[in-house]
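Got a structure here, written out as structure tokens. Questions coming.
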Amino acid sequence: MWKLPVIIVNFKLYPTGAGKRGLNLAKILDEVSRDRDVSIAIAVNSLNFSQIKSVVDIPVLLQHVDAVDYGAHTGRINIDLAKEMGADGILINHSERRLTIADIDYLIQRARELDIISLVCTNNARVSGAIAFLEPDMIAMEPPELIGGDISVSTARPEAIVETIEAVKSVKSVPVLVGAGIKNGQDVKKAIELGAKGVLVASGIVKAKDPKKAINDLVDGMM
Amino acid sequence: MWKLPVIIVNFKLYPTGAGKRGLNLAKILDEVSRDRDVSIAIAVNSLNFSQIKSVVDIPVLLQHVDAVDYGAHTGRINIDLAKEMGADGILINHSERRLTIADIDYLIQRARELDIISLVCTNNARVSGAIAFLEPDMIAMEPPELIGGDISVSTARPEAIVETIEAVKSVKSVPVLVGAGIKNGQDVKKAIELGAKGVLVASGIVKAKDPKKAINDLVDGMM
Amino acid sequence: MWKLPVIIVNFKLYPTGAGKRGLNLAKILDEVSRDRDVSIAIAVNSLNFSQIKSVVDIPVLLQHVDAVDYGAHTGRINIDLAKEMGADGILINHSERRLTIADIDYLIQRARELDIISLVCTNNARVSGAIAFLEPDMIAMEPPELIGGDISVSTARPEAIVETIEAVKSVKSVPVLVGAGIKNGQDVKKAIELGAKGVLVASGIVKAKDPKKAINDLVDGMM
Amino acid sequence: MWKLPVIIVNFKLYPTGAGKRGLNLAKILDEVSRDRDVSIAIAVNSLNFSQIKSVVDIPVLLQHVDAVDYGAHTGRINIDLAKEMGADGILINHSERRLTIADIDYLIQRARELDIISLVCTNNARVSGAIAFLEPDMIAMEPPELIGGDISVSTARPEAIVETIEAVKSVKSVPVLVGAGIKNGQDVKKAIELGAKGVLVASGIVKAKDPKKAINDLVDGMM
């Protein structure tokens, strides 16, 4: 189910990744994963999580949980509840939702205890090496300046991919994904050739005119 | 359905207010609202919202939404999505999730456009008067030092209730609820005698050994 | 010294508003204030405050203080210390340093107790009316979309100035300044004709090639 | 001057660590450092920094700087300005001022470029090992539950000191200080015996009735 390499699609709060349209997108990705026998996972918002989780077989991650125990925390959700509700994993420290390192550490350790996937986003090779010491299940390195842009990390910063993988390997054995500007199969292919175990993608799929075509193109690059 | 006076139960992230137990609590409150023909509403976390909303008739509010439009906002939910998912209202600026005044203003105005209830929490009479100018549907004043404690605002700070109602009335006609330490029917009765249009309660119900008995006691005070 | 109308220059953290260059800029503004007998004040960063305060006669505000009492708050400064160090006032809730309304309220009340000027930044007429209820010494309304831009609030949104002054007046008698995109005397003149009691300006002076010429131009508009 | 082992006194925003009293305390610590030929440094708030720096010879750190370049950042200070104003170093990520790991990384790298000491606070051995990968000049581990308390880390958690030093050593060679509850020479002595290169202390000195006696006691433990 959760095998590498993997394509993780972050729905963000794009209108096409939320509500009914988010549900439809999840079904499309689920279908492509099954049809092509390729590992795809999705990261969705908390309000739509349960509904989406109930209709797909692919792993569903939450985009964020707060680093708190149960208690007097109005407007917060935590990892224990994520687990109870069936979350397969959590995205931690996305560039649009940065956390303190104490909170990142808490979430990684608690994820391990609860047997739920932890995927930590990072911004460069150094920070990736640092996070590796905390032993999350996966690290996704995304150069901030390329996020949401038209040029992919594979094209613009191949050396950053290599450096990240080396930095992580020098500390602990943690699979490295890459993201930022990933748009087509060529970007995926190159990332994997450089040693990445998958990609984190958002607008390239979620904002695509034809998401099915777009994801199939990415899958081509992974074959 | 949404008539005043009202008892609003904030489930926070108490273990008894989340997951299966939160669902059970919602059903109990729904039943009491129906049986006794009294206005009760609940504020729940985002991950449990949809499931709870689907099994109760009482109004269900979200404890928090972010003041953002649809877009590249990983780990955020907004009021437009809350509306699409069926939220009856939103809690804004709870003491455990304070917002900037620019964000409070945005949420109140957008709630009005989307025809969804806005309830803004405040910490004293002055701030309540200020918020009244933004014309939310309701204001809930909770003295921070009494939140989660054993002495209710009705007992400890009755003058704060009166001052808040006067401050708000001097600006705009907005119903005022009060909260903090509300534990029994006597607390509710006194708050309403002082002019409050309801109460915001959390631990008094959610952490009660017998929540059904506890809510019935509160309802007694409202009759 | 602190008479209306006033031009308040926010040094931000522009390189020309910090360190030695910030000190020089402060001296220029001090000199122009004296020479032309016009009310000018400045808002500076905490690290440069004491040095600047010791060499000028014009009022010096801090750009931000935290809403905390003395205590275990590493990396924070408070208003009581600002007073002890000689601050004439504090900027509160600037668009680049937004605060919760509970904190804004705390700072305004404490400023009054300590006899130090409180100037609260707001983003529109509604929020300005709300803040007026808290009775700060002044309100500075700046439409966020115009801050740092080339078109001034006076030109682009004159109706926003009028609405703000009316909203504030309907609540309490608090002088209203305006800001965003203020570049020349014409902008100042128009703002004052519309009822503003002064302007809040930053890049127009701090990033000007010839700040002395730029401030003199603004002063022309106030005469 | 900046030799190891070192006692770093964090003035926080204690009333006895700010304004005139903070200045006096700095002079006392400076004198003790000279008299006893022992390495003492202090971490002070931004508003008092310049004045304190101008009267002492011991290293003066800022308790916090923001991870921003010069620009439109009202109410912020940065490390470049800290350097220009003569700061010897910066405290990064104190438990009362936590930062994202991207910001911690930025500050460490910029500190190295500007030749200014970077001291990163951490909460456990794992996080210390992670931070070591970023190669700050020093790491200060403080178990959060002991900060400000009456039992020192040396007494309550000696194994945490050992684990931290080992975790850090396994990654990079970075000196480790420890803190939390340090009150007397015995606490210092034990920390150093366990391998720490110094201590980070706050209330034990800053809130002491007789700070001179208190610091001399700590120094005894370091001899």
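Should a chain be cited, it is by its letter among A, B, C and D, assigned in written order, with residues numbered from 1 in that chain.
Just so we're on the same page, a residue touches a chain if its C-beta (ideal position, glycine included) is under 8 Å from a C-beta of that chain, and two chains touch if they have at least 3 such contacts.
Bear in mind that the values here come from a model prediction, so they are computed numbers and not experimental data.
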item	value
Shared chain contacts [subunit B and subunit C, defined touch]	none
Chain separated most widely from subunit D, comparing mean CA positions	B
Chain centre separation (subunit C, subunit D; CA means) in Å	35
Centroid distance [mean C-alpha coordinates] between subunit D and subunit B, Å	43
Sites on subunit B at which at least two other chains make contact	95
Arrangement of touching chains [line / ring / star / complete / other]	ring
Parts of subunit A lying in touch with subunit B, wherever the complex brings them together	10, 12-15, 18-20, 43, 45-51, 62-64, 68, 70-78, 81-82, 84-85, 91, 94-97, 148, 202-203
Residues on subunit C engaged by subunit B in the complex (per definition of touch)	93, 95, 98-105, 109, 122-124, 126-127, 129-134, 144, 167, 171
